[in-house]
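What follows is a group of structures, each given as C-alpha cells.
Look at the two complexes coming up: subunit A is in both, with subunit B in one and subunit C in the other.
Showing the complex of A and B:
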C-alpha cells in the first residue's frame, strides 16, 4: 500500500468528522466515496468488512490521529450504496461488496473491448475474459466471477449478450 | 437519718407527686435501718418513705435539706443505691425516728430497680438545667446563623467604604483642579457616571403597566446599551445585559421576565439593538448595525490565519465571551466558511477546504 497516493483531504482533520453543514457534507462525502473506491481499486479488493475497516488505514489516519466513527463509516457506505457502488451481503450490515465500477460500467467496458477486438457474435468463457492472456492489460482482468456475471447480465438485459453456463455470447 | 420526721403521708396543699417506687430500703449512712421494704415517694416538696406492711409508718424529709445526690450503680448481689447528702437538721423540727445521727447522708437502696426514675437529679434538675441548656444552645446556633448571614453584608460594607473613599478622592480632585480641569475630562467623567447608573429608570410606577411599560423600558435599554454593545463587538449575551442593567438601575431592579419582554419588543420598535436567539438557544442583544457577512468573513479569515481554532481560542483572540465565540464559529460553519473537527480533544474549526480546494 506504500505507493497509494492519499488525497489531500486524508491529512485534513475535519475530513474525519461528518460535517453538519449540508453543502460541506456533500463535498466531504464526495471525497470519501472517491477515496474508498480508489483505495479498493488499488487493493483490487471487491469486498469490505465493516468491523475490520474501522482499523484499516482507509478510515484511520494514524499520522494525524483521526479516525471515522462507526456511524460515519455507515454514512459513507450508505452514500456509496445510493450510488450503486456498495451492496450489503448480510442483514446486520457487517459485510459489503464494493464495486469501484458499477456492473453497468463494467458491462460497457467489456462490451467496448469485445467490439474493439471484433469478437461480436462469438462465445467467450468467463475464464478467458478475466484470466485469459488477451485481457491482461484490461481493467477487468482478475475480476471476481460474481461481479463479472452481474456485469454481463446488464449487457444481456440490453440485448448485447447471452449468458451460458460458464461462458457468454456477445452480439 | 435524724433529718427525717414522722408524717401522715398526706400531701400538703400545692404539693404534687412526682415519682413513686416500691421496694426501697433506707440506710442511715452505711448502716442498715429497720425501714427495709417501703414505697419511696418523691413530691415537689418532700422525699417520703412509707412502710410496706405498716402503712401508717411514714417518714419524710423536706427537699430543702437535700444538698446533692450521688448514684451508686448496682453490682453483684448489691442493689443500686442513691446517696442523698443532707444538710444539718434545722433546730426546730417535728419528731422523727432517729433523734440524732452523726451521718450526714442517707442511702436509698432500690431492691426492685427504678433508681433511674427516682434519681432526683437526672429527673429534676436536668429538667430545668436541660431546658436552660437547650435554650442556650439554640441561642448560640442562632447567633452563629446571624453572624454568618451578616458576613456577606460586612464584606459589602467594606467595599462600600472603598467606594466612598474613591468618590471622595475624585470629588477633591475635581475641587482642586477646578480651574484647570479640561472640558474633555469633565465630559469623560460624566460619561463614566452615566454608564454606571440610570438617572431615572423606567418603572411600573412612573410609566404605567403593560405594553407601555415594556416599550418605554425597551427604548431606555436600547439607548443605554447601544454603546456598550458596540464596544463589545456588536453582541452581548442576555445574561450580561441583565447584570449590566440591574447594576445601573440600582434599587429599581428588573426581573428577568420584564427584561425579556422588553428585549422582544426591540426589533418591532426599530431600535438600534435587537434580540437574537441562536440555534443553540443562546440569546444575545445584537446591534442593528452589525453585519453578519462581515462577522462570517472575519471569522473565516481568523481561522484561516490560525490554521484552526476552538471557541476558547477565538474568544481570547477577539476578546469575546466563549459562548459568543462559539456562536460565531457555528454561524460561520452554517454559512460554509469553516468546517469542524470533532475529536477527543474537543471541537475545532478549520477553514472549509472542502469548498475552496476542490474543483
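Showing the complex of A and C:
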C-alpha cells in the first residue's frame, strides 16, 4: 500500500473518534466513506471482513496510535450501506460486500465501453469482459463475477442487455 | 479730567476696522488660492508618482504597503471606491476586490474541515496557489486590507489575534477572549485538554467546559478520546498537516 495516498484526516487523531457534534460528524463520515471506497478500489477488493478490518491499516493508523472502535466501524459501514455501497452477506454482520461503484454505475461504465467498441448486438462471455485482453485498461477489469452480474442486471432492466448462463448480449 | 471720544475719533476707529477687515479677507483669499495651488501641485505630484510607479505598486507588496501608508497619512484612501482616479490609474481597487473574492473562495472551500477558522499563513498560501504562479505577489498586509473591505458585506469576516498568530474567521459568531485563549494555547501542539486549560489559565472547570463545548459546537474543534486519560480537543486549522493537503 506504499503508493496509496491517504487523506489529510488520516493523520488527524480525532478522525478516529466519532464526533459528537452532528455537523462535524457529517463531514467526518463523508471523509470516512470516501476513504473506505478509495482504499478498497486501490486494493481492488470487493469485500470486507469486519473482524480483520479492525487491524487493517484502513481503520488503524499505527503512526499516530489511533484506531476505530468496532462501534465506529459499524457506524461507517452503516452509512455506506445507506448509500448503496455496502451490503452485509451474513446475519451477524461480519462479512460485507463493498462496492466502490454501485451496480448502476458499473452498468453504465460497461455499457459505454460496449458502445465505444461497437459491441452492440454481440455476445460477450463474462470472462471476456473482466479478464479478456480487450478490457485490461478498463476499471471493470478483474471485477468479481457477482458484481458483474448485478451490474449487467441493471442494464437488463433498462433493456440494454440480456443475460445468459456465462455471457451477455448487449443491445 | 478725561475727555470722551469725539465723533472724529469714532469715525477713525470705524475706518480702521473696515480696513482691517478688508485686509483680513485679502489675506484669507490669498492663502486659499495658495493652498489650492499647493494642492494642485501636490495632487499632480502624487499622480505623477503613482503613474511612474504603477508597476511597482501593482507588483511589489512592500511598495504597495508603503504607498498605502503614504496615502493614509494624507487622508486619501485609494480603495474607497472602485471608480475614480486611483482605481482607474492603478487598478488597485480591482486588485483588492479580486483578492477579496479569492479569500472568500478559500474560506468557503476549507470551512468543512476547519469550521471557518483559518490561519492567515494558510490563507495566504492557498490564495497564492489559486492565483497561479504568474500573478502579483500578495502580502499579509494586502490580505488584511482585503478582509477589512469584506466587512461591508456584514460581519462575517473577522481577523482574530491569538498570541503571535492571526486567524481569519469566516463564519458569523462571536469568539470571546476565552475562546481565543484556547486557540492560542492550542497553537503549541494542535490540541488542548481541560486540565491543560485549568492549569494554564486557572479557570474553574465550568468555564473550561463552556469554552471547549462552544468550539466543538461551532465545528472549530474535534474531540479525540484516544489521546490518554482525558479527552483532547483538536483544532483542524492549527493542525500542520491540513496545510499540505
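The rule we apply is simple: the second predicted complex is superposed on the first by the 171 of 171 C-alpha atoms of A that agree within 3 Å, B and C clash if a C-alpha of one lies under 4 Å from a C-alpha of the other, contacts with A are read in each partner's own complex, and residues count from 1 in each chain.
The rule is simple: contacts are C-beta pairs under 8 Å (C-beta built on N, C-alpha and C of every residue); 3 or more make two chains touch, one makes a residue touch a chain.
This one's a predicted model, so the numbers in the text were calculated from it and none came from an experiment.
On the superposed subunit A, the positions of subunit B and subunit C overlap enough to count as a clash. Touch criterion not met for A:3: it reaches neither subunit B nor subunit C. When the two complexes are overlaid on their common chain A, residue A:14 makes contact with subunit B and with subunit C alike. Touch criterion met: A:27 reaches subunit B and subunit C at once. In the overlay built on the shared chain, the residue A:71 is in contact with neither subunit B nor subunit C.
In the superposed model, A:133 lies in contact with neither subunit B nor subunit C.
Within the three-chain superposition, the subunit C stretch that clashes with subunit B turns out to be 112-120, the only such case among 22-30, 112-120, 130-138 or 148-156.
Overlap of the subunit B and subunit C contact sets on subunit A: residues 8-9, 12-14, 16-17, 19-21, 23-24, 27-28, 65-66.
Subunit C contributes residues 112-113, 115, 191, 216-217, 219, 222-227, 232, 234, 236, 239, 241-242, 244-245 to its touches with subunit A in the complex. Those residues of subunit A whose C-beta lies close enough to touch subunit B in the complex are 8-9, 12-14, 16-17, 19-21, 23-24, 27-28, 31, 65-66.
If you check the complex, the residues on subunit B that touch subunit A are 308, 333-334, 336, 339-343, 348, 350, 352-355, 357-358.
Listing the residues of subunit A that touch subunit C in their complex gives 7-9, 11-17, 19-21, 23-24, 27-28, 65-67.
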